[in-house]
Amino acid sequence: MSAQSLLWVPVLVPLAVAVFLLPLFRKSPRAAAGIGLAAVAAAGLAIWVAAPSSPGVSIPWVEGFTIAFSLTGWKTFLLGFVFLFQLLALVYTLGAAMRPERPYLHLFALLVAFSSTYAVILTDNLMVLVIGWELFLVALYLLIHSGGAKAEAAAHKALVIGGTSDFLMLLGLMFYFQLAPGGGMTAGVDTASGPMAFWSFVLIFLGAGAKAGMFPFHTWIPDAAEVMPASGFAALPASLEKVLGIYFLFVVTQRMFVIDAAAQTVMFLFGIVTVFVTIVPALVEKDLRRILALTAISPVGFMVCGMAVSEAAGVAGALLYMLAHAAYKSTMFFAAGNFVEKAGGAGLDRLLGIARSMPYSGATFFLAFLSAISLPPTGGFMAKELILEGALHGGHLAVLALLVVGAVLNVAVFAKVVAVLWAPGGVNRGEAPGACILAPLVMGAVAVLGGFIFSRSDALVSSVAGAHGPGLTGNVWHFSILAVVSLGIYAVGFMIYASARTGRASAAETFASLRTSPVLGSVLTQAEAGRFDGYEIGVRTVDAITRVVFRFIERKIDVVGAGVIALGCAVLRPLLSGAHNGIYGNYLCWALVGFLVVLFLLFGSAA
Amino acid sequence: MNNEVLLLFGCGLLLMMVGVYMLVLYRNLIRLIIGVEVVAKGVTLVFLAAGLFRQDVAFIQVLIVTFIIVETVLAAVMLALVVGVHRIYGSLDIRHLSKLKG
Amino acid sequence: MLLWVLLGLLVLLAVGACVFRDLLYVAISLALASAVLAGLLFHYGANIAGVFELSVCAGLITVLFVSTVSMTKDSDQGKETRMGRGFIPLFLLVFIGLDIFIVRWLAGALPEIVPGAGSGSFQDIFWTLRSADILGQVVLILAGVFGISALFRLKAKEKKHE
Amino acid sequence: MESFIGWILLVPPVAVLLMPWASRLGRWAANTLAVVAAGLPLYFTLRLIPAVGGGLEYELFGARFALDSVSLLFLVVVNAVAFACMIYATSYVSHLGGRGKFFALLLIMVFGLNAMLLTRDLFSLYLFLEVASIASYVLVAFGLEHDGIESAVKYLLLSSVATSMVLIGIMLVYMNAGTLEFASLAAALEGTGGPVPGMLLLAAALFIAGFGLKAAVMPFHAWLPDAHPSAPAPISAMLSGVVIKVAGVYALARIFFGILPEIGEVRTVFLVLGTISMIAGAVLAYFQRDFKRILAYSSISQIGYILLGLGLGNLLGLIGALFHVFNHALFKSLLFLNSGAVQYRLGTRDIEQMGGLENRMPVTAATSVFGTLSIAGIPPFNGFWSKLFIIMGALAAGQTAVATLAILVSVFTLGYFLIIQRKVFFGHLNEKWRDIREAPAVMSLAVILLAATCLLTGVFFHSVTSGIVEPAAVILLGGN
């Protein structure tokens, strides 16, 4: 097989397996998962074999549109991660004793999602990208649906929100086709060139951001997290969807458009709002899966801001953060899936100390935690540093300050989670099956070793992000003002957490487990000394803000959506359905009036 | 010649309008079918006018014969349906035939 | 002059089909209109069409109507809307006005034609030029036969139940 | 090769003549005769695909017929759907009675549609349209119940006005050209660059209204949502899948793209009516609670897409419209046959009373998922490609607003079909239907055939479009 034809394999094989082979294994989910695994492995192998020759296919289709696929070094790098997510999601599914209520639908949706992800990343043509994009939405809907009857509302919500944002994006793409016909991706339209270019950019940006989970299209994610099977959530909303969204955002901001100050402001606005609108509720949330889902949204704000600063460091940071975040968040979801399975619920009160009785799952969660709070040398650290560096060099100091505050709260949230999971006491419940530990273990290792991996691919990342030369990722290891800021982030984050904890629960014992960690120890000791009591007021204020945010912004988005639909029904139903009243004379009159209208249209312009 | 053509054409259209008037306003199914027949008479007149205009009456009368056969078969099927309506509803009022709506 | 008389008669009979209360008179009015139409066809030399119009439309269809009327005479026929009959003079005027407008427009729009040689005799046209229509007519009659027998199979069904 | 055209035309009527004798012989004889008589035209049509080239002529006892790519595309659709419906009907008709008459009328309908496609004369087109229509009126009322008879009466009375309009239009054209044969008509009417004569504009309006009513375009659509749900399922499938397209869309396409000179306003009218039908049909479908009525309104919506594609007038739009004719015939008849299977077992069409049939009727459920994905335009199913062509055609024609609406309606379509899926096949099993079984094997066979064709057409869409759709579109555009 030539390298060109190998490019079809990752797109077509999972799809073909899903449609033709899976139905044969409805009765035995494990065999079906095995076949899915084989399909993904085949896709990965094809990429592996094809990558060295950087092939490209371009099939002329109809009038001016071509189906184009290509594989470059950068895409291979990205697809390597995608492949890893897929493989481990399937491995986890295989081991998870079939937790989803509809295993067949679950696997089907996973494979379709994989195929569409490959299509989106491999293609060089916007038309094909849109096809893959929509296919992904359908896969997501089916995947949420596989959670059973209780998941239907969430699935519906996801479909409505996804459909709306995709519609906005298509609208933007239509403007774009007028500006740059042909469906290619590298036109570089200047957003300052006119209102059409600007609005086209804003609409496409909203669509791409929505796929990644950006405000205001994020509200379905926490709902879905509650009802989706763990492997499903780890595979789609936590990882692949972010990869697709941010990848496309990268294409939009760096290839399709040249962004000006106004477009930049729009991006900052949405980015910052996204950070705070989710991280603040996460502080007070009491359900582990919802916390993980909410903290999967706020990094999107970071990535959007990183893309917006238009500095090579910011872009590279956003791209790396996308990968690092996907790695640590799917690890956390895998581990959380194990916890929830054993504990029988995702409430934090049920999960007290569960990591002690499940040491391996707990260990994987801890690996992910290190990356999540961006400790060096994890991937999370490098990515966040690059974004902050981009903001600093770009001169966006206000953005930098707000991002730092967001990072601080992020640390506080994860500190709370870890404290709960390692709290003393609790019942010994036994460990999860091997495949369910293997998946998060590998992924957690990737998350922690991310900094190393990213450093190794420095040349690639630098060139893609548009730096003048290599060495972009090396910069973060040098001591600078940002290093101080980072240290500040950890410190303040833990202090906030600690002060909120004091006097509420058995906080001393909680910290005892954390104190073993070499880096955190000193910070925690200070917190234990009670120096930061005054912050409790601040936390209460945050609590109040949270309620305001929830009641007046987040929930209102849903209310408005439902209202529009209800209003449409109320107006159209009597108008259209009522007109069909079964009276023959009326029907004949419509036809005659229609005839007169046609007559008028034909003669009107002639006269 | 053209005046006769126009007269026939106009008379045909007038008959069609009267037929459609019956179809819109009347309720009794048999009257509606009479309306369809009146429309058909109008169409026949228009056929005749067209043939006269092209001075090819022989050609147009073939079409008229075919049309008469169509009309007859249609009338027969319609009347059979009317008998069916009568069996089920016991009424021939088309306003009562409004179960299907929405 | 004969043309005006025949056309006037035709319109009057068609309007008669609208206004008579008794369905039998309506059917007869329609039959007479068919007969007048047949006269028109004879007048222009469309003899065979005239014969068909007279025998099939004035004859067969009227028989069908009358038998249907007698088969359904126990239904409530008294509730016919008054609007139909009451407004007919008004609407007739409107229709005639509209008709005159259309015909005047048409008089200006008629194309100039060069009279052709004609298509030949009835037999030539019917059997050769338009022989596809014969196939159509045959199947059409088959459709009528099967259709009516299908619609009347209710009788057999009901008899079984009785 | 040309003689195949004669076979396509003559096999169904001969079978109709034999039908009373066969149904006296027994059920099997009638079934065999019907399936063979529906299968042979399909076989000959498929054999004709490679041979069609620039067109074939055929003379049957002096009657002239002809075949080109446009006719061929529609012939494939008619005979494929008719074959599946006939297989299905052999089992379905059992509870209606009158087996022989049903088959005979269905074959007459198929004959009428095939002859409409093969004839090259405007008046013959009308005559064969009337043949197919009369068969369809009776078939709609075939169940002899309230719904069927009521809708058949309205269908017939509305259609009679429409066909009168068509006849007046034909006469206006005849007065202008002095002939009714397509090729000489086109030559006689060929525009001289000046404005189109007023009589032809009037004829155009009459054709749009008349054939528009047959195609159930808004606002001429009112008979469809009554007639299609009330008919027996195979007939609903034929009506929605085939009849409205041949009697409406094919006739419009032939007349406005082959015979009448190009009238710019007609394009606008098609676009306007198409867009209205597309939107209003989808909205109305959303409000329904009757399985088959949803499908019927969705047919109006899909006809809107097709008309819109015709109205765009560029190659992409025409390819999209013709391909959508092909695809809609497949998936709409599939969905109607599925709804028929559900009604056959449950005795109701109200989707609120259903639920959880997934496990009771797995074949029906699975195939209807195929149909749903196709009609909503989800890749790789066939409906996706044709809608994509239409949307790309709209973009190429600069009709951005229309393209946007088309996408929006497509999302809406997915919405109400997912409602069907959820209420009928998924969710909790209604206790009432605990003992429901899958539909008879023959009925399942027919829907599996259609579902497989949907998927294969979607996957190998390029072969279909370049093989039979694109030549047809090129002919409509006036090339060869």
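So that you can tell them apart, the chains are marked A, B, C and D in the order they are listed, and the count of residues begins at 1 in each.
The criterion applied here is as follows: a contact is a pair of C-beta atoms (placed from the backbone, for glycine too) under 8 Å apart; a residue touches a chain by one contact, two chains touch by 3 or more.
What you see is a predicted model; the values in this text were computed from it and never measured.
Comparing chain pairs B-D and A-D by the number of C-beta pairs in contact, the larger count belongs to A-D. Work out the mean CA point of chain A and of chain C, and you get 71 Å between them.
If you average the Cα atoms of chain B and of chain D, the two centres end up 27 Å apart. For the pair chain A and chain D, the distance between C-alpha centroids works out to 44 Å.
Separating the CA-averaged centres of chain C and chain D is a span of 31 Å. Among the residues of chain C, those in touch with two or more other chains are 106, 110, 113, 116, 130, 133, 136-137, 140, 143-144, 147, 151, 154. Multi-chain contact residues, meaning those touching two or more other chains, occur in chain A at positions 577, 580, 582, 584, 588.
Multi-chain contact residues of chain B (touching two or more other chains): 20, 23, 25, 32, 53-54, 56, 63, 66, 70, 73, 77, 81-82, 84, 94, 97, 99-100, 102. A complete list of chain pairs in contact reads A-B, A-D, B-C, B-D, C-D. For chain C in complex with chain D, the residues that touch the partner chain are 105-106, 109-111, 113, 116, 127-128, 130-140, 142-144, 146-147, 149-151, 153-154, 157.
The residues of chain A lying in touch with chain D in their complex are 15, 19, 23, 62-65, 127, 131, 134-135, 138, 149, 152, 159, 163, 167, 170-171, 174, 177-178, 569, 572-573, 576-577, 580, 582, 584, 586-588, 590-591, 593-595, 598-599, 601-606.
Residues 123, 127, 130, 134, 137-138, 141, 144-147, 149-154, 156-157, 160-161, 164, 167-168, 171-172, 174-175, 178, 225-226, 229-230, 287-288, 293 of chain D are the ones touching chain B in the complex. Residue ranges of chain A in contact with chain B, taken from their complex: 577, 580-585, 588-589, 592.
Chain contact summary for the complex, chain B toward chain D: residues 16, 20, 23, 29, 32, 36, 39-40, 42-43, 46-47, 49-50, 53-54, 56, 63, 66-67, 70, 73-74, 77-78, 81-82, 84-85, 88, 94, 97, 99-100, 102.
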